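In the part that follows, the structures are each spelled out as structure tokens.
First chain A sits with chain B, and in the next complex the same chain sits with chain C.
Right, the complex of A and B next:
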């Protein structure tokens, strides 16, 4: 109810001029959609999401799968390592962003990254405000990687434990060497369902990115013009100075359509690929 | 030869794991280190691994600072997280049970409609939800912060999957004894499903405690700030000292760390059993 009612309401609102009001009178048809699509900031926010997903989805996928494979084969201290990698899940994006912004990637010398790089004679970098090269991506991607890798590691571990051991025995009989061959021909294909789910969740979560962008990049003067994902953009449009709820709703509807297409497309693609097997 | 190679591989893997584990722990260390340091120790250009001395008075200073509504925010967060957890678990378990056990004409369609909301990201619903809540006059109220968040399709899905696998014999016995769905649910199903209730509660509690966007949008008055919103406001407005900020962040994490350490087994089991992969 709290998903479908607001969604329908926002479709309705998106056809109206609604500044600072939730009970609009002035019907504007598709104007809100036209101005959203013509707005560079909106299309840029989609591009930001694209770049972010391009970094974070493969990085989290690889790290969490790697951690799961390594932890799974441990004979002792398995619970210890699993706990350490899972622990960041207890940390909020706000707290993590604070540590990253004020302690690790601080632009001045007391930041950990600059201190460590300083030992090797490197110059100081203003991580969050340098746009050429865009160092802020490093900060944004590592926060999320740290926070979510442990969770997906647990999903992969669950998947690994469901692989029947007979498969590995058969592979050993057939002379497959442990390591890459076994991983490619047995482990990875057996993790197929888990991998699809993880990839899907990672894309959806990347699309919802807000907390770390907002907390890392905005300050008392507002949000810088770069690296603004769709949710931050919508937040500014609908609840910022303009309180333009009509355009905000139009943006929300457009995003709903895009995510629906992406999700269905992804499901189709994986579904079709499966039938070929 | 092969054996030596395997042993070498194992050693490399262990070293890699230890290095990664240290990297994963560094942010926690920095949080505690900075929270217990003097401001000079944090901002010193000659950064050292250990602070010159541990300044425990940061904690009392934080709660005494009139500019920082720390106690109030913590209380808000606690009330919201507890209410959200209880509300979600009650609603989602009942819905999940109904979907799993009570056959009626549209039950499959209802299930797919609920599942569909999982695919609709917060990016899409937060503007319209805000509109709905503000037209109800619930801005900056606990109602506005709690009620819209207690319908969790995810929790409902987990409960449905769990109840589908619940042994039907137990319920049949209850039915023979003349119990209806309602009483069967409370007397037979709930007491025998503690693990799934524990797992969902913990997951929902963590999510509610760490939630940021919704409390930021709805909790506009300082009196309705959650601890996450308070922290975020301090970082962007720079009204407090940096050591106070770090100790506030550390304090905000304590309840969750306790939950994590005490219930880690349930959390992991709950995620593993959630059936996301199927």
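Right, the complex of A and C next:
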């Protein structure tokens, strides 16, 4: 009911001129699709997604795997550290974004980051407003890393704990050096299924980025043209003051198709659906 | 772990579409009843009224007091924080929206029949409403919202900081840019136009300051002119000089950055005047946005939220009677609302004339700016045009993008939007 009806209605709306209405009458065919694809703001938003995914997917993957390996090696207080690293996952994206924006990365001299830089004589930096260099990526990526690394750490930890100890014993008997060699030839290959799942989830989550972007960068007058991910753009198009539900729906359909293609491509590349030999 | 292609497609597609469209579909609409304004006790009608969250202390209590004093119906006030215009736009699509709300009905909302014609409520007093704020509520000869107060934006400057730097209050855009650079120090920035560098709040103001407009009286694009690119191009200098305050904890509408000494000049609203006066005494002055170019003139934007009636309301007649009582008949409440909490100019000319608080100092200056240099955003300026324009202005200011190229794209978009809305009329 709450999945398929909106989904199908959205596809229906995408073929109509639906300004300020969800029951339109004026059929426009593929005009909304053409308009969306010719809209620089929409194509820029896809580019924003690409840049964001490029940062956040490998960074989260590496950090959560690193944390999992560290926690897994602990003999004492493993539960404590597991909880400490997981706790940010329970925090609201909105709250975290506001803390990052107002306390840590605000652009005035008493913001935490600027205070620390000030000790070294650096000028104050407007982290979210400076486009050259694009410091806003630092804010966006760090807040999401903080929020989600712990969750993926738990997935990796579960994967690590499923690796049979006999494999490590056999590797030791065969003369494998602990550390990088064991990780490369035993641990990482054994984590293949978990790694594939984590990578897939990270890409889909990156497509769905909304909360932290919106709360970090929007104001009462709108959203700047940079770092505007697809969902923020579609939200403003369809549900903002413009209420262009036709174009917004066309964009949502296009985005769904892109996610589907990317996800299937990624799954094929990883050999996810391949029958185990 | 194996996932079939069908599962992957289903998951990906569902997540994307429901994510995009269900974001504002929460079931909790904040209403106490069934959403239709069902009858209160003893057959009385209950009206739902929405206000956006005002920053000034006492405003919420005041509007609740007004509502409680209305005897012909029960009025339940909702004080709504957050992105109010988006909330009302979404609510008007559903049957659970308010009966009465404050807002600036867009042309699409009017053409889409989402708001009720209230022309008859003003028939006896229409001439007493300031035309600058009544005009953007008027379409097709009918009025679609009763202006509540006049809000305006203006430039605050700190007298002591300008004197110390031996700088006169700027009267041209070039002087403003020079002053901002000269006033910038390690601890104080020269100018605050909002955390986005001014792209959002300035809107059409620089165009009007250059003698142009957003939309002409004939309904054509008003900035298809080389003067527009020349004026907007100057804003990059402010950014390149690092004269702009960016990333302040509060945005342009709040005077905190100005009164805390983070900036020497700030673009803000008239509503901030009491807070600035309380913090700085007489150490401040106000200015209109300065003129630019030979055809330029000082400019201030004026606007007004209006009281509007939702056309989906089951109690339209009662809702209209209520807003007539509050925003036409009860002039004492209108004066109280405008001047006792924040600081606004009453929308009624007769009330504005007799308001003692508006007759001296910076307030009197501001009123004269609104009278002499005020412009209101035209109703034909649609949200889609505004987004395209704001994006272009942001790229011009921050990225140093070519103003000519950027504006050409906005002119095309605005032209298409004007055609669309004029065809629909």
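As a working rule, the second predicted complex is superposed on the first by the 270 of 277 C-alpha atoms of A that agree within 3 Å, B and C clash if a C-alpha of one lies under 4 Å from a C-alpha of the other, contacts with A are read in each partner's own complex, and residues count from 1 in each chain.
What we mean here is this: contacts are C-beta pairs under 8 Å (C-beta built on N, C-alpha and C of every residue); 3 or more make two chains touch, one makes a residue touch a chain.
The model shown is predicted, which means the values in this text are computed figures rather than measured ones.
Chemist: Who does A:224 touch here: chain B (first), chain C (second), both, or neither?
Modeler: Only chain C; A:224 stays clear of chain B.
Chemist: Quick one: is A:73 in contact with chain B, with chain C, with both, or with neither? Answer first, second, both or neither.
Modeler: In the superposed model, A:73 contacts chain B only, not chain C.
Chemist: In the overlay, answer first, second, both or neither for which of chain B and chain C A:246 touches.
Modeler: Touch partners of A:246: none, neither chain B nor chain C.
Chemist: In the superposed model, does chain B or chain C contact more residues of chain A?
Modeler: B
Chemist: Counting only touches as set out at the top, which of chain B and chain C does A:107 meet: first, second, both, neither?
Modeler: Touch partner of A:107: chain C, not chain B.
Chemist: Of the two partner chains, chain B (first) and chain C (second), which one does A:207 touch, if any: first, second, both, or neither?
Modeler: It touches chain B and chain C both.
Chemist: With both complexes superposed on chain A, which partner does A:41 reach: first (chain B), second (chain C), both or neither?
Modeler: Second partner only.
Chemist: Looking at the overlay, does A:193 come into contact with chain B only (first), chain C only (second), both, or neither?
Modeler: Both partners.
Chemist: With both complexes overlaid on chain A, does A:131 touch chain B (first), chain C (second), both or neither?
Modeler: After superposition on chain A, A:131 lies in contact with chain C alone.
Chemist: For chain A, give the residues common to its interface with chain B and its interface with chain C.
Modeler: After superposing on chain A, chain A residues 2-3, 6-7, 10, 22, 102, 108-109, 193, 197, 204, 207-208, 210, 218-220, 231, 234-235, 238-239, 248-249, 251-253, 255-256, 259-260, 263 contact both chain B and chain C.
Chemist: Per the contact definition, I'd like the list of chain A residues that touch chain B in the complex.
Modeler: So the residues of chain A in touch with chain B come to 1-7, 9-10, 13, 22-23, 67, 70-71, 73-74, 81-104, 108-110, 112, 115, 146, 150-151, 154-155, 157-159, 178-179, 193-194, 197, 201, 204, 207-208, 210-211, 214-215, 218-220, 230-231, 234-235, 238-239, 245, 248-249, 251-253, 255-256, 259-260, 263.
Chemist: Would you pull the chain A residues touching chain C in the complex into a rising list?
Modeler: 2-3, 6-7, 10, 19-22, 40-41, 102, 105-109, 111, 123, 125-132, 193, 196-197, 204, 207-208, 210, 218-222, 224-226, 231, 234-236, 238-244, 248-249, 251-253, 255-257, 259-260, 262-264, 267, 272-273
Chemist: Touching chain A in the complex: which residues of chain C?
Modeler: Within the complex, chain C contacts chain A at residues 1-5, 8-9, 11-25, 83, 85-86, 89-90, 92-93, 106, 108-109, 111-112, 114, 186-187, 194-197, 199-201, 203, 242, 245-249, 251, 253, 257, 262, 382-384, 386-388, 390-391, 394-395, 398-399, 409.
Chemist: Can you list the chain B residues touching chain A in their complex?
Modeler: Interface residues on the chain B side: 6, 9, 13, 16-17, 20-21, 24-28, 30-31, 34, 42-45, 47, 113, 117, 119-132, 134-135, 148-149, 151, 153, 206, 209-210, 212-213, 216-217, 228, 231-232, 235-238, 242, 245-246, 249, 252-253, 256-257, 259-260, 264, 267-268, 271-272, 276-278.
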